[in-house]
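Paired with subunit B in one complex and with subunit C in the other, subunit A is shared by the two complexes that follow.
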Partner chain A sequence: MRHLFLIYGSLVAAAALGQSAAGQGKASAAAKETPAATRARAATSWTHPKTPWGDPDVQGTWTSDDCIGTPLNRPANLGDRLYYTEQELAQRQANLEKQQQNDLVETVAPNARVSTGSPGHWGERARRPCKQTSLVIDPPNGRVPDMLPEAKLRPIPEGAGNNNPKADSWEDFSYYIRCISRGVPGSIFPVIYGNGQQIVQGKGFVTILQEMVHEARVIPMDGRPHASPYIRSYMGDPRGHWEGNTLVVETTNFLGNRTGIVGNGGGTPTSDAMKLTERFTRTSPNEMRYEITIDDPKTYASSFKVGFPLTQEPGYQNFEYACHEGNYAMFDSLSGARAQEKKAAAKAAGAK
Partner chain B sequence: MSDRRRACCVLLSTALLFLFAALPGGGQTPARTAPQIPRMPSGKPNFTGLWQVLGTADWDIRDHSAQAGPFFQLGAIGAMPAGQGIVEGGEIPYTPAAAKQQRENFKNRMKLDPEVKCYMPGIPRANYLPFPFQIIQSQRDIAFAYEFATANRVVNMGKAKEAAVDTWMGTSNGRWEGDVLVVDVTGLNGNSWFDRSGNFQTDSTHVVERFTLADADHISYEATIEDPAIFTRPWKISTVIYRRKEKNAQINEFKCVEYVEELIYGDLKKK
Partner chain C sequence: MRKIVVVLTAGVLLLAAAPAWAHHAFAAEFDADKPIKFKGTVTKMEWINPHAWIHIDVTGEDGKVTPWMIEAAAPNALLRRGWTKNSLLKGTEILVEGYQAKDGANRGNGSIITFTDGKKLFVGSSAGDPGAAPGTTAK
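What follows is the complex of A and B.
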């Protein structure tokens, strides 16, 4: 089982992977098909499945892996261009194949510099190149709108993961590192692993089970009103309905000042006024379009939209992510910081 | 038997016969018709809903008297209420060594009980914690979302899968025996307890649960527990799980990690 202490090593790895979506698995026929051909094929040979009680059926274990490494904000030089060109995609496909070859290498050359982070195969890889240049799809420049001045004043938990590892208390760490939650966007936005989303539908309910950090979003579909505004939570209070075959989930009642709009719930914390509207649209047996509108009038000057594909992959499944139960990282970070302080104090005393 | 009493009996028997004859099936079916239960389009019982156990099994699955809690500061709030146990026959058949271990666990429960530390409760404990849980039943698999610690599991109703790794919540493979949902739980990591009294599991504990809708709002719950490492024979728990009927009842969030960090990491904080 993957273990939280590896997050540190993984963060380094994530930085190294950076802008190039890495990939494993052979380039499948589907990956080489043009989007138009895929759509055409889907349109002619596939009808949207229904549950036995008549709702659109969007069940399965879905992953956002294919857009691992795609930045939230579009690099400014790409302007308003949301999609890569065919030529750029071919290059990215080649990068994926190269990455796959690298992943298959099981040994390193003598004297090679190796990291102490997690082995490459612990991470998840895109299987086909992400067509988008950014996860933000609206506004047209693909960038999160300006933050309001008051939002900039909100404290951001530092600690491990940033380059300034203050570790006076667990409260210096993010809610993710503390194994509490990554929030709603942070639990589905593609990161280096743990992108699994298992959807199970019952009559009147849809539930989304998210591997990391073992979230279970139970979404009533019966039109009931939101819970009282006095009941607030990390994952908010979701209500769903169908618009055609699209699952629409509106979530409010957030605690506020906890998690942000970046993978793993990082970034500037959002506020208790945030309202999220998610749209899950299955476009073929193994593809789904995910879009989320983020409306947080206490944090951002305007609302914005993030979108990316979710796919089902052979053999891909959720595992139990027992994060808090195995959070040796917190013990080690705090005890390490105390040991360093003790050493520094002894050195200072010796110098006197 | 006097004639008079004999006549009385004959009369009663005739009346009973008449009563049975009036029922569908001509007296061959039980006097009570089967209760109406929610069903899936396939005809299988539908367990979808919000459920919770009443009682005090979370304190001790065995019969127990009321007693003081571990912290006097909590007063009556922290005290343990008396209650009927859910262990059939009353006794957990521990081996002598395991019985000793349970007593040690109880003594050190504030340090050792995984519930205190907000760890996932495991099976069967998740089902009778004093928190609700939501079942979402699809035409295939069945999801259980527990409020405590956002623990959850998906019962695989397809071809049984071997546990890939040991986990807190185990690997659940389900099947139908008529109207009974039978869930076979393996791959438990052995760190879970059954209750706050130190009754414990190991990584060879095997749990077979049986969920039966007694009527629309009650689940009759049974679990058979076997583990040759600590028990001398398989044993059984049984209780009732109630449907939460309040108009606005819904599963809430109890992410208890932040309530236990001071307890777990307090001594490592910068002074």
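What follows is the complex of A and C.
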């Protein structure tokens, strides 16, 4: 079994050294190159593939893993600086490599902390450091615009960021915890695991299969109009078209007050007026730029844009995610809340 | 030595805020006042979503066997890390450290899980609290 871990670790380490699929099967040659040289070689020798019917081909299984841990909002002290400096990136690369080495150590670190939180062994890892200081790329300060006063009044479901879990019903929990949906942004923004995005194209359609909570976004590409405004859904009504080699997807017709824009659909829920415009631009065999403009006039003072890279990685694939099959967390959380109530009642009775 | 080593050390450990990213309201599910630390024998592993569960039998000092369930990573993450159905076989002894479910059921979060020789069960990842975000320095 442990050989498998070592194989995994080797793959991770190899990817971190810049051996993307451009270097697959040429490990010894690629190992002599610097990461920048590998990327440059891939960029200069690559022609964007086309499907048999002539559309740009963006198919594959992509992941946003590389920006795991990058904050949505930029720390204020970084001002308008979207990208880390080369020196900062080198430090982050060194930290990443150190983490990868630590991950492969077979014994538990002496300072490993035990808590009620999600264990460290649950997470997946970035393979290279994210170059960005925030996921928000516009406005220039890298921060989500002010929330409108009326939006601030919307309750945030349990487990979606309000950090005050004491639920009376399953309906008090986030749609993510309930295995229903993470919404569109929440299904692609990088989180600690399950960031797989499988894109499959057919003539006239693009489908994006999102691993966690198993969404399937079927996107018509034939220019048809949006559905009636009376028809609404958690993931909205998407329509796609091509701008050059960029896949552009506009999505409207959302149900309001379901999921937010923080990872996994957390945070203040967005409204039924939200319009999303996504741009998927493949930049090399295994790299894609993803950008999304979020325009929700009932929630935010202005529209804003989030962006980050998606990559394809050796051996990475989506797996089954039948979320409801063993969602013991829901049971435990509800029974835990009842246990808390009993405990508080007993304490109150004892104090009398 | 199959016995419960430590059951309660309430209030001794400092707790970190649970990240809002995992598929849980962690603070809702596990009790910070009920730390667990014991050795158990694997009876089965459930490969279910959103998280796998390791079933173990824990033998107390009085010889009584108590079944426990320990929560593990999502099957998808385990598969991508190289795990298979043969990775944790029935009869394997493991050490578990974490916190018990709030309702008092024998379910735990398993912050740290090792083999009895001290080696990590999940090599290829950290143990304990989530490590620093990739490319950053731990706080």
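Methods note: the second predicted complex is superposed on the first by the 278 of 352 C-alpha atoms of A that agree within 3 Å, B and C clash if a C-alpha of one lies under 4 Å from a C-alpha of the other, contacts with A are read in each partner's own complex, and residues count from 1 in each chain.
Here is the rule we use: a contact is a pair of C-beta atoms (placed from the backbone, for glycine too) under 8 Å apart; a residue touches a chain by one contact, two chains touch by 3 or more.
In this text, all values refer to a predicted model and were calculated from it rather than measured experimentally.
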Give one of first, second, both or neither to describe whether A:322 is in contact with subunit B, with subunit C, with both, or with none.
both
Touching A:178, do we find subunit B (first), subunit C (second), both, or neither?
first
For A:220, is the partner it touches subunit B (first), subunit C (second), both, or none of the two (neither)?
first
Would you check which partner chain A:335 touches, where first means subunit B only, second means subunit C only, and both and neither mean what they say?
both
Contacts for A:347 in the overlay, against subunit B (first) and subunit C (second): which applies, first, second, both or neither?
neither
Kindly classify A:235 by the partners it touches after superposition: subunit B alone (first), subunit C alone (second), both, or neither?
first
Would you check which partner chain A:52 touches, where first means subunit B only, second means subunit C only, and both and neither mean what they say?
first
Could you figure out whether subunit B or subunit C reaches more residues of subunit A?
C
List the residues of subunit A that touch subunit B in one complex and subunit C in the other.
1, 179, 318-320, 322, 324-325, 335, 337-338
Within their complex, subunit C touches subunit A through residues 13-32, 35, 46, 48-51, 53, 69, 71-77, 79-84, 86-88, 97-99, 101-105, 107, 109-114, 118-137
Subunit A residues touching subunit C - in the complex, by the definition given at the top
1-2, 4-9, 12, 66, 68-70, 92-93, 95-96, 99, 102-109, 112-126, 129-130, 158-161, 163, 165-167, 173, 176-177, 179, 191-194, 196, 211-212, 262-264, 266, 315-329, 332-333, 335-340
In the complex, subunit A residues that touch subunit B
1, 51-53, 59, 168-170, 178-181, 198, 200-207, 209, 213-216, 218, 220, 224, 227, 231, 233-235, 318-320, 322, 324-325, 330-331, 334-335, 337-338, 341
In their complex, what parts of subunit B are in touch with subunit A?
40-42, 46, 48, 114, 118-120, 134-143, 145-146, 149-152, 154, 164-165, 167-169, 191, 248, 250-253, 255, 257-258, 261, 265, 268-270
